[in-house]
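Structures given as structure tokens follow.
Presented sequentially are two complexes of chain A, the first with chain B as partner and the second with chain C.
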Partner chain A sequence: MKETFYITKSGTLRRKDNNIVFENSDGTEVFLKSEKMDELYLFGEIDLNTRLLNFLSQMGITLNVFNYYGYYSGSYYPRESKVSGYLLVEQVKTQIDLPRRMKIAKEIVCSAARNIYRNLRYYNKREVDLSVAMSEIEYFISKIDEMENINSLMGIEGNIRKIYYDQWTKIIKQDVEFEKRVKRPPDNMVNTLISFLNSMMYTTVLSEIYKTQLNPTVSFLHEPGNKRFSLALDIAEIFKPLIVDRMIFSMLNKKQITKSHFIDKSRGLELTDVGLKILLGEYENRLKKVLKHKGLKREVSYRYLIRLECYKLMKSVIGEKRLRRF
Partner chain B sequence: MYVILIYDIKTDEKSPRIHRNIFKICKKYLTNVQKSVFEGELSRAEELKLKMELKPFIRKDKDSIVIFKSRSNKWLDKEFWAMEDDKTSNII
Partner chain C sequence: MKITGIMVYYYFVCKRKLWYFSKDITMEHNSELVEIGKILDEYSYNRKKKSILVDDIINIDFIEDWKIIHEIKKSKSIEEASIWQVKYYIYMLNKLGVEIEKAIIDYPLIKEREVIDLKEKDIVEMEKVLDEIKNIINSKNIPKDMVRKSICNKCAYYELCYV
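Showing the complex of A and B:
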């Protein structure tokens, strides 16, 4: 397994001894393992040069940059080595063929909704009664197949999310205020956590897409827009309840994350350095966690599961196999 | 597999160069925990790659490299008896 490195401090990142070295602002050097590295996340203010970028390309390392407020700014990734014109053509063909696009979009919404439902089922009766919300979600899931265009499908998805978010204060044992999802800027603890972890999820999915031949700009559920990799949004949708939401519930319930890990700033509530480190450590653990894959009959990590989802999408795009919900 | 690599270079006029090179190569694959001790997860392929890279520098009759292997770091109890430092963490 290749490893992911996260840098939360500020300093300089350089190439040295055919390796990557991070020099702290106080002058101490930390060597990262270039041969084992797969992804590099930068959260601090870091100076780097093209020599490093060349080296990263050579080693096939993706660099993800986050800004001062912890929002995803962009990625630097090696020259595309996995390109397939055939797959791109098929991907675009599927995208413009509405019935085929709908089929895939429905599967994505359905997978996401099922994973949401599973989360609720887990907490139902354990602490609180969530059966009303569960049956409401079940009703909406049954409606998914009837939808005829993307907008109404998105509407269903929105409804499901609304019901879901309404249950959060019941699930979370810590005293939190969370009425609704607020972005730009997130106004409370839960919203900050969701925003931050969703963007982590998005970059993880993006790096996994880069390892396949799929084109990250041509998406099925979200409109393929400019300036963003919307396919990553599509796939992240499936995994958010599975990884991000579960992580938030358990961390808040176990009090691994509390009010003390946040600071109130003019741009909303932000994570402190300690909070950021705890969160990254836990996120890394979650991605490394393995589960038994029924089809493959072996253990796969959550990170690899994301890649498998990409492969499944590829197969359905070239019409070899219908996309089945995860 | 999870490995711990340690090495000894016989001190003579050629040893600084050898020491330098071996240190640099190991650092790419493993975390440097103590002066000549490295630790980390390696696949079989990576292990062979590391071995091949080291080969030109090691003097078979003078230097020694020992590598302890464990199936996973789950099977390894790590304790700090003095100062605790988490050098193997990927979060800096």
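Showing the complex of A and C:
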């Protein structure tokens, strides 16, 4: 498995022989392991040239850029080499066939809801009573199959999420304000964490989609388009509770992240450099964590689990097998 | 659709793999074993003329005087498939008017080689195989039966098949 590299400092990134070198603003050079690199994240202000971009393409490395405020700006990814016209046609055919689209959309909502339920169940035993919320969510999960269109399905999803977010102040042991999910700009610590980690999740899912023949713009739960790779949003939905939310709970409860890691700016609450580094380190650890996959009888990482979800989607698109619940 | 040497090879390895491959659903980029194969191909027999592409169908590792073709393989684990792959090369080149004497499969890692020629009865068998390949790759549905052999474990398509 190849690795992800994160650069939070400012400086210059260039090709040197057959490797990538990062030169810090104070002149020190760091050699990055390009042979083992899969993705490169840039958070600082970095100079680079086309010679480097060509080299990244040659090595098949995706570059993800985040702006000064820590928001995702975009990616540079190597020329698409894994394309299948056949699969694209089948993906589109599945998308426009409402019963088939609904089947997949329901699987996504259901998988996400089950992961949400698991999070609540985990904290329910730990001195907080979340049983009311759990049974409410169970009720909504049981209704998923009855939904006949995307809008009503989205409604269920919204309900589940609302109930879920209402429990967060009970789960989080630090004193945090979190009444509801607020984006652009996030107004408090929890919202800042969700926004930042969700965009990390989005790029991770996108880079896993790129490793398959799926087209990232043709989505099933979300409407395709919206100027985003909406298939990445679909799949991220399943993994946010599993990776992002669990990470937020545990980091806040262990006080790995506190108020001191944020600065109040006119554009909302922002992460400090130290806070950013702590988050990236933990995020990477989570993605690398392995678990035993029962069906495959193999150890897989959480990152690879995302790819497997793409494979399942591919199979249901070519009509090979009904998508199984995650 | 043109039948390539790789397709003949895959026909003998796994029909599902053949079907996926024919739909451009490739997985080899995930596989370390494939990477090793590529490097082996790149660094073996450096003095010879390498990688001859004929009519987008066959990609011969190298050829001697247009008489003997060579195929480089890492191991003997799927020998039958390799044998039919080179038989297909001889068959196709003969059809195109190139008289090939024989083929040699080289196993540089185990320092062995194997000489293959195309017999009369092979031609009949070959044509049957090519018909079946056409049926598989033209089918809308993927062949259902899994090979369920030990080779699945090393296959780049393992996760896609079994997930």
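One rule holds for everything that comes next: the second predicted complex is superposed on the first by the 325 of 326 C-alpha atoms of A that agree within 3 Å, B and C clash if a C-alpha of one lies under 4 Å from a C-alpha of the other, contacts with A are read in each partner's own complex, and residues count from 1 in each chain.
Just so it is clear, contacts are C-beta pairs under 8 Å (C-beta built on N, C-alpha and C of every residue); 3 or more make two chains touch, one makes a residue touch a chain.
Keep in mind the model is a prediction, meaning the values are calculated, not measured.
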item: Clash-or-fit label for the pair chain B, chain C on chain A; value: fit
item: Partner chain in contact with A:F220 - chain B first, chain C second, else both or neither; value: neither
item: Partner chain in contact with A:F5 - chain B first, chain C second, else both or neither; value: first
item: Touching partner for A:K211 - first (chain B), second (chain C), both, neither; value: second
item: Partner chain(s) touched by A:Y86 [first = chain B, second = chain C, both, neither]; value: second
item: Chain B versus chain C as contact partner of A:L296, first or second or both or neither; value: second
item: Vertex chain A, arms to chain B and chain C (CA centres, degrees, nearest 10); value: 60
item: Chain B versus chain C as contact partner of A:M314, first or second or both or neither; value: second
item: Shortest CA-CA distance in Å separating chain B from chain C in the superposed model; value: 6
item: On chain A, the residue positions that both chain B and chain C contact, one per complex; value: none
item: Interface residues, chain A side, partner chain B - complex; value: 1, 3-9, 17-19, 22, 30-31, 33-36, 277, 280-281, 284
item: Complex contacts: residues of chain B adjacent to chain A; value: 24, 27-32, 40-43, 46, 49-50, 89-92
item: Of chain A, residues touching chain C in the complex; value: 60, 81-87, 211, 213, 295-296, 307-308, 311-312, 314-315, 318-320
item: Residues on chain C engaged by chain A in the complex (per definition of touch); value: 23-26, 29-30, 141-142, 158-160, 162-163
